[in-house]
Amino acid sequence: MAERRKFDDILNAFKCGEIDEAEAGARILELFYEGREHFLLDMEREKRLGFPEIIYAEGKQTGDLLDIVARMVEAKGRALVASLTPDGEQVLTESFHGQRIRTAGRMMVIGTASAAEPLGTIGIITAGTSDIPFADECALLLEELGVTVLTAHDCGVAGIHRPLMSLQRMEGAQAFVAFAGMEGALPTVLASLTDLPVIAVPTPVGYGFGSKGEAALATMLQSCSPGVTVVNIGNSVGAAAAAVRILRAARTSAK
Amino acid sequence: MAERRKFDDILNAFKCGEIDEAEAGARILELFYEGREHFLLDMEREKRLGFPEIIYAEGKQTGDLLDIVARMVEAKGRALVASLTPDGEQVLTESFHGQRIRTAGRMMVIGTASAAEPLGTIGIITAGTSDIPFADECALLLEELGVTVLTAHDCGVAGIHRPLMSLQRMEGAQAFVAFAGMEGALPTVLASLTDLPVIAVPTPVGYGFGSKGEAALATMLQSCSPGVTVVNIGNSVGAAAAAVRILRAARTSAK
Amino acid sequence: MAERRKFDDILNAFKCGEIDEAEAGARILELFYEGREHFLLDMEREKRLGFPEIIYAEGKQTGDLLDIVARMVEAKGRALVASLTPDGEQVLTESFHGQRIRTAGRMMVIGTASAAEPLGTIGIITAGTSDIPFADECALLLEELGVTVLTAHDCGVAGIHRPLMSLQRMEGAQAFVAFAGMEGALPTVLASLTDLPVIAVPTPVGYGFGSKGEAALATMLQSCSPGVTVVNIGNSVGAAAAAVRILRAARTSAK
Amino acid sequence: MAERRKFDDILNAFKCGEIDEAEAGARILELFYEGREHFLLDMEREKRLGFPEIIYAEGKQTGDLLDIVARMVEAKGRALVASLTPDGEQVLTESFHGQRIRTAGRMMVIGTASAAEPLGTIGIITAGTSDIPFADECALLLEELGVTVLTAHDCGVAGIHRPLMSLQRMEGAQAFVAFAGMEGALPTVLASLTDLPVIAVPTPVGYGFGSKGEAALATMLQSCSPGVTVVNIGNSVGAAAAAVRILRAARTSAK
Amino acid sequence: MAERRKFDDILNAFKCGEIDEAEAGARILELFYEGREHFLLDMEREKRLGFPEIIYAEGKQTGDLLDIVARMVEAKGRALVASLTPDGEQVLTESFHGQRIRTAGRMMVIGTASAAEPLGTIGIITAGTSDIPFADECALLLEELGVTVLTAHDCGVAGIHRPLMSLQRMEGAQAFVAFAGMEGALPTVLASLTDLPVIAVPTPVGYGFGSKGEAALATMLQSCSPGVTVVNIGNSVGAAAAAVRILRAARTSAK
Amino acid sequence: MAERRKFDDILNAFKCGEIDEAEAGARILELFYEGREHFLLDMEREKRLGFPEIIYAEGKQTGDLLDIVARMVEAKGRALVASLTPDGEQVLTESFHGQRIRTAGRMMVIGTASAAEPLGTIGIITAGTSDIPFADECALLLEELGVTVLTAHDCGVAGIHRPLMSLQRMEGAQAFVAFAGMEGALPTVLASLTDLPVIAVPTPVGYGFGSKGEAALATMLQSCSPGVTVVNIGNSVGAAAAAVRILRAARTSAK
Amino acid sequence: MAERRKFDDILNAFKCGEIDEAEAGARILELFYEGREHFLLDMEREKRLGFPEIIYAEGKQTGDLLDIVARMVEAKGRALVASLTPDGEQVLTESFHGQRIRTAGRMMVIGTASAAEPLGTIGIITAGTSDIPFADECALLLEELGVTVLTAHDCGVAGIHRPLMSLQRMEGAQAFVAFAGMEGALPTVLASLTDLPVIAVPTPVGYGFGSKGEAALATMLQSCSPGVTVVNIGNSVGAAAAAVRILRAARTSAK
Amino acid sequence: MAERRKFDDILNAFKCGEIDEAEAGARILELFYEGREHFLLDMEREKRLGFPEIIYAEGKQTGDLLDIVARMVEAKGRALVASLTPDGEQVLTESFHGQRIRTAGRMMVIGTASAAEPLGTIGIITAGTSDIPFADECALLLEELGVTVLTAHDCGVAGIHRPLMSLQRMEGAQAFVAFAGMEGALPTVLASLTDLPVIAVPTPVGYGFGSKGEAALATMLQSCSPGVTVVNIGNSVGAAAAAVRILRAARTSAK
């Protein structure tokens, strides 16, 4: 194939002294990727990392956002967009009205990818109703990637029976993603009841001291239940990616 | 009595114009208290507030500390000292070896007060063994003031049955003081299981982000169980005083 | 009753080995509560905790909010909603215009509960006029629960006579809730003048360093008057719940 | 068995009205655990969570520490102690000199457990030599639990070839634990090169602004590589526990 | 010249005792500058510092802004305005529609200065597309001052080949300005690959803990690659000024 | 007079045992002030403190604000209002259009007080044009109280001659108020050039790390010129009050 | 005198073109001061600023400290040293045992200056006994500069009569310096009772959240009594210098 | 040479399909470096970056430190060690007593490198005597690398003539490194007087709020003089490296 030939060319150029070591190394790396002027769409990332590139809408100008989404849909059949403003959501909906569109929280999926091979099962649990938009983002992303998602909402520790009951609905889950704002105690209690991975997502829910998720973040990092891991406040994309990594580890082991 | 006479004198001096309003008000206030050069022992405080003055040892020089304690023992029969260093503890133990001495955590009681009238019953619950020294300070102080103390230790949420079990040992308690470091979730869970007052005390236990009790403090202030109130990190004296105020409110109501 | 029968069924199923211990425990817990898909209305909470569930409007979508309120009004006769935006307030007012509606600050009460048994008397004191909306929320909630409320406004320490005078209007109060922003010194001064509980509520009033209630929160936690307890910034609901817990402790003692 | 009989007794007592629902639930929970006065050794935790209880030495008094360790060694054959001071380490070494003792960083293993079933393989990678004591704690704990550990040290991004080379030594690893202080960029780079789980551990290495691991923590939470999860600063125990949870998920799936 | 004469007058006035030392020193300093009532346009600054005065629009009232810009255009031919709001941008565009206008990010150049002598070459590299507006401000300013600018965008470490490739496009650059938000690792990696100056600019891009550029700032200050220097979050003007200072040092040395 | 009689009545009531000490003291204090339901206008404050009550508009509802202003204008002839929103400014302007109105920054003076006795002279110096609105508030307030104000604007240390020159315009000033945002170095430099009081006011001007006046506040508190005192960020009212206190001290001494 | 001649020489050198403007300005400035290699003893500072140079011992090596103190004693008759460690105190005491030595807190005065002209009277008030070492430093420094000092200790707001009584002992004071740790409310209350300057000094007294003086600093900056000014935590030297500036303003006015 | 042969081998192995692309790239990178078990001495770093590897002693165990230093001395003739404790300094001095040893602050140079080619001239300026140890570290490192160093100490802005005079001693400097603690204003003033690079180093000097260099860091990042760049608090090594990068840029340009 073309890439192979280019690679051989580089090696030969190096062998006969036309280029030095530094240049050889750089050219080889360059081969693996497609470089563009204003954005390097990391087309191979999904193959390499088992997780597609997410387009963060925040801070991007409308024209740039439309270009990137269009290019991604064309190349992959599907674009995944996060941190959309209401304006951005409207513009994308109008521009891609012929495409299949799914939304959750501030996330949008445009287009259709080829059917994903089933990856496994993840349980998503929220402490309160205000955490649901963040959980929905995570669920949408996981489903797009071929993950079966189980959910239990409004299971915070203010009623201590609720976390216990939530786990009973989670038959078959290989790992849990727990969303909580306020005092953020839910993942700690869940992790004391299961031996499976618990990914804790602090949400920007609360008021006064420690609001915007800071108290929840601190609680989760200080958890007295060993083995809770944490992603940043409101980072539902990161939580989904971490869950996929765990499922991938499980599949590797299963072979 | 002497105070009455002095009070009348002030009023008369004011009436005949010898002194103006400001001076009259100030002299009247002065009557109620005993003022000294370097420290104003607030001798009437116990009568007024139902809580004796606590001598904070931290930052005081040894000579001053001995003077104040001696004076308090002489006047009241008993001195309550907090935030003692090991050195301070040794000096006081030697200086007052003839007196009854009780210690807990960094607190020391020297001497004996007249038997306190029974005030009521308080339950003290800790999340981990590292919280016990703080709880012991609180218990010692409450007992000295005539409060019956019930205790349950090592009842953190990492084993969710433990907070439930701790409350079962608390028969008769009128309010609870809950000590927790790390993620500090214990008072939230307790408050979801009882309708009585829960005073939360964050302890400086933990590591990394949110250590020294800061995560626990944030958790307690953000508690999703309404009605938890909080004192400062490691403030076992303040928690005891708050518990006494609640018992006092209960006695007032009971009349 | 039905619950009793189900409970026996579980026990029997366990006895004859149909279900194991874990399942038996879980089913028993499940009996006590009513579980729903998107929110678990904790119907028994008021009976258990002596404090009704408060619906936090913040972060909830309008449809969800209307559903929850409607369901609560239907089940209990009355819904208590906090942290309302002006939009949310308008929507609720229109949707429930046939109901009795009371508002204070960002709180709204919709509907009527059966007459509450008198619980006792609470004194509410504010440092400045900007603290009044927070105090009004607390007062409204307490009154709905059958508490007699005494109030004194604008009693901050900038005029040192004002805290003294405020307490004189508080005849019969069993505990005090003190609201203050800025430097937040009011609860400290009040607690030096009374032996009853003082619940301190920092308000998000102030500017520059320590604004949004942070200076007031720090002051209250560092209070040199022992026995002040604190709730989070602007947490008038938590303060009301704490006051109710104290009154409940008083009633228990009085029996 | 005895537990079974007691359980039936409770159920019967409930059936005939001797005890109410609350008491029945509580007694049932109590059955599953062994309660003690000053500490509740959670003997069943290992069975339930696949992870033994770790004894945190910090804040415990020497007598208490020796008691707990002795009891754990007696019951389980092995005690795992973390956050030891040099003094504590010496006392334990002397008191248990007849036992097998292994140390790493501030952790100590005393005694021998029955041979653990092989759990899987974890790769441990450090950014600098100062991170090694934390990594060693993690490795010791994993090895004690039957995990095969691969290590690569001093692989920080200051030489960009080093993270790439570290992954080449990690054949067979199912997940990675990456330790980094200073700017903490290592886990981000690793996660861009693998599709397996990356658990990031900030270490308290660095100086000035963002020292004590705070810059590293922020970097790891803000990682531009999706799917990195984080534990608290220096929390090597938590990282080991999270790794074990992932291996457990893999084993479950493999069945 | 006039200034010389005034200077002699001052010296003479001092010699004959009409004025004292303090006044003499002050008057001499005053000679070098032009003072105005409401703003002191530092007309000589460009000559002294090799960098023109930048007009910060933020916090200035529209009238004042128009006055200052008009005066600067009249005196220098060109005004450089930073931190413009959309409103300010519109007002300036309308008021100076006859002038040449260039914009980038929140910066605007109005008018034309005499052709700048070529200063040298600077490479500008961004981690993500959201950093581009900040980089554009820097590039615009450098170009106006006679600097050749090379750019490479979207070169963050999530694809580790991208920073390597970005440097390959930077032939001839004498120093680099690197813009990054989120975890901010780009400048660290660049500085490990070049021996030229790297000026790091944290951008306010990111979410949750460490957002608004704080994580990036901490990362850059804690960089494990020695020799990275940092300017404040979003300070593209400062970065341009620092780059010009380096080029100026190079020119001085080259003579 | 009436107050005298009431005072005697209280004393007599106390003498004959009708009231106890506590009540006597409280009633006496009450005499000196005028109490109202929702706000205690501290009518005697100006006489006592030499500084009128400032009405903070922030957080007050429009109706309350109008009432308080109207009452103050009626009682004193003049109301001083701070922290006005544009809406509040418009409402007051319309409601009091028959009155003399002066505005500066977010402050407004409504009505006319009797001519103030000259108090002395204060110098006001700003670092940049963005600080002027804060300085204008301070100047307006001082002028209303009979103080002569000297001003010098845009005198920051970026041109080191500017602070020197600013002091030359300050002939006769008895103290200085210096406003600075950004790095806040101006008061330090001023205090190294004069032996008179320098009151430093950090302003919320700047960007990125240490913005909103926090860097300026830290700089001023850490000043290497001894004797700089500081008020809170943007607190022009507090700075004016502090300046008046100094002038009052000077007048007292002059007698 | 010699300086005058050198000054003329510079001016003449400038006039005949031997040196340029920049050099002339610099040489003139240089005349006024005495420059040394490692430290510029600012010998004229006292004359210029009415406040002697304070030698900060912290961070200085013993040899340097002894040199600087010896040189200062030789030149001025007296050295003022602050932030001494116990070791430094001992070394200085031994090295200068022939000199008059006075100590307070961490401050030491070595030697004797010519009798200072009386400057005026300052009142020093502390909230608690732990604040006294800081107040003593301030008092010692003021006395050395010829200020009459009045003191009142242990006057915190926990007994509200104490701040009132403290002011009664302050007859003749022209300004107040108030020291407080913990919640730091004392200066606010004092400033509500006097129209003279109140300089607030937060002390590093307290525990938990807001300890090390941070709560007190925030309180003082947020004070609801207008006109309180603040120096940094524990900055008794700065408070003394500020007090001297006020007395100097008063003397200027009195002339 | 051997490396060349190995490189060809890799290429050939890749060509004939024995290894895939990923392995080929990794092996090529591996060639350029020498890998060890516990630390990868980056032997080529000096050639690549023009700056030798600095050994950070902090957190390393004595044995490891001695090994690394010995190996570095053997390979390069000279080892550069930073952040030494007094103990570490003593151990190294004893272990390498036969070698040339130079120390400054917490830095030590052991052994001799071949004479460095002259790189250029750097000016080092400190604000106070407490900053000198940090400046000395920077100077020692620069001198070892062949840089001519000019120094001016104790030039802070408390005497505004001092920064001006310091620059007069800096004839020939191509860039400046400015060290300041406390309020950190020195680099801002220097940058307003020169058009050359100013690298600002905050030092951990100061007390109370903003101590440990935080106020100085904030000041330097907020500097109103454009073009100041900043390294972390106390980072004298980073400042030296940044200065070397600038000199290297200058040399490149000069060619």
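When the chains are written out, they are named A, B, C, D, E, F, G and H in that same order, and each has its own residue count from 1.
Heads up, the rule we're going with is that a contact is a pair of C-beta atoms (placed from the backbone, for glycine too) under 8 Å apart; a residue touches a chain by one contact, two chains touch by 3 or more.
Please read these numbers as outputs of a predicted model, since none were measured by experiment.
Asks: Touching chain C and chain D alike: which chains?
Replies: A, B
Asks: Can you name the chain that lies farthest from chain H, using the mean of each chain's Cα atoms as its centre?
Replies: If we average the C-alpha coordinates per chain, C ends up farthest from chain H.
Asks: Could you tell me which chain lies farthest from chain B when each chain's centre is the average position of its Cα atoms?
Replies: The chain lying farthest from chain B is E.
Asks: Report, in whole Å, the distance between the mean C-alpha point of chain A and the mean C-alpha point of chain B.
Replies: It comes to 50 Å between the two C-alpha centres.
Asks: In angstrom, rounded to a whole number, how far apart do the mean CA points of chain F and chain G lie?
Replies: Once rounded, the distance between the two centres reads 26 Å.
Asks: What's the distance between the Cα centroids of chain A and chain E, rounded to whole Å?
Replies: The computed centroid separation for chain A versus chain E comes out at 38 Å.
Asks: Based only on mean CA positions, could you tell me how far chain A sits from chain D in angstrom?
Replies: 26
Asks: Tell me, which residues of chain D touch at least two other chains?
Replies: Residue numbers touching two or more other chains: 29, 32, 128, 158-159, 164, 192-193, 208-210, 214, 217, 221-223, 232, 235.
Asks: Quick one: which bits of chain C touch chain A in the complex? Just the residue numbers, please.
Replies: 26, 29-30, 32-33, 35, 37-40, 42, 45, 56, 58-60, 64, 68, 83, 202, 204, 213-214, 217, 232-235
Asks: Which chain E residues qualify as touching chain A in the complex?
Replies: 128-130, 132-133, 153-155, 158-159, 161-162, 164-165, 168, 205, 207-210
Asks: Which residues, counting only chain E, touch chain H once they are in their complex?
Replies: By the definition above, chain E touches chain H via 48-51, 54, 120, 174-175, 192-199, 217, 221-223, 226-232, 235, 237-238, 240-242, 244-254.
Asks: Residue numbers of chain C touching chain G in their complex, please.
Replies: These residues of chain C touch chain G: 127-128, 156-160, 163-164, 182-185, 188-189, 192-193, 206, 208-211, 214-225.
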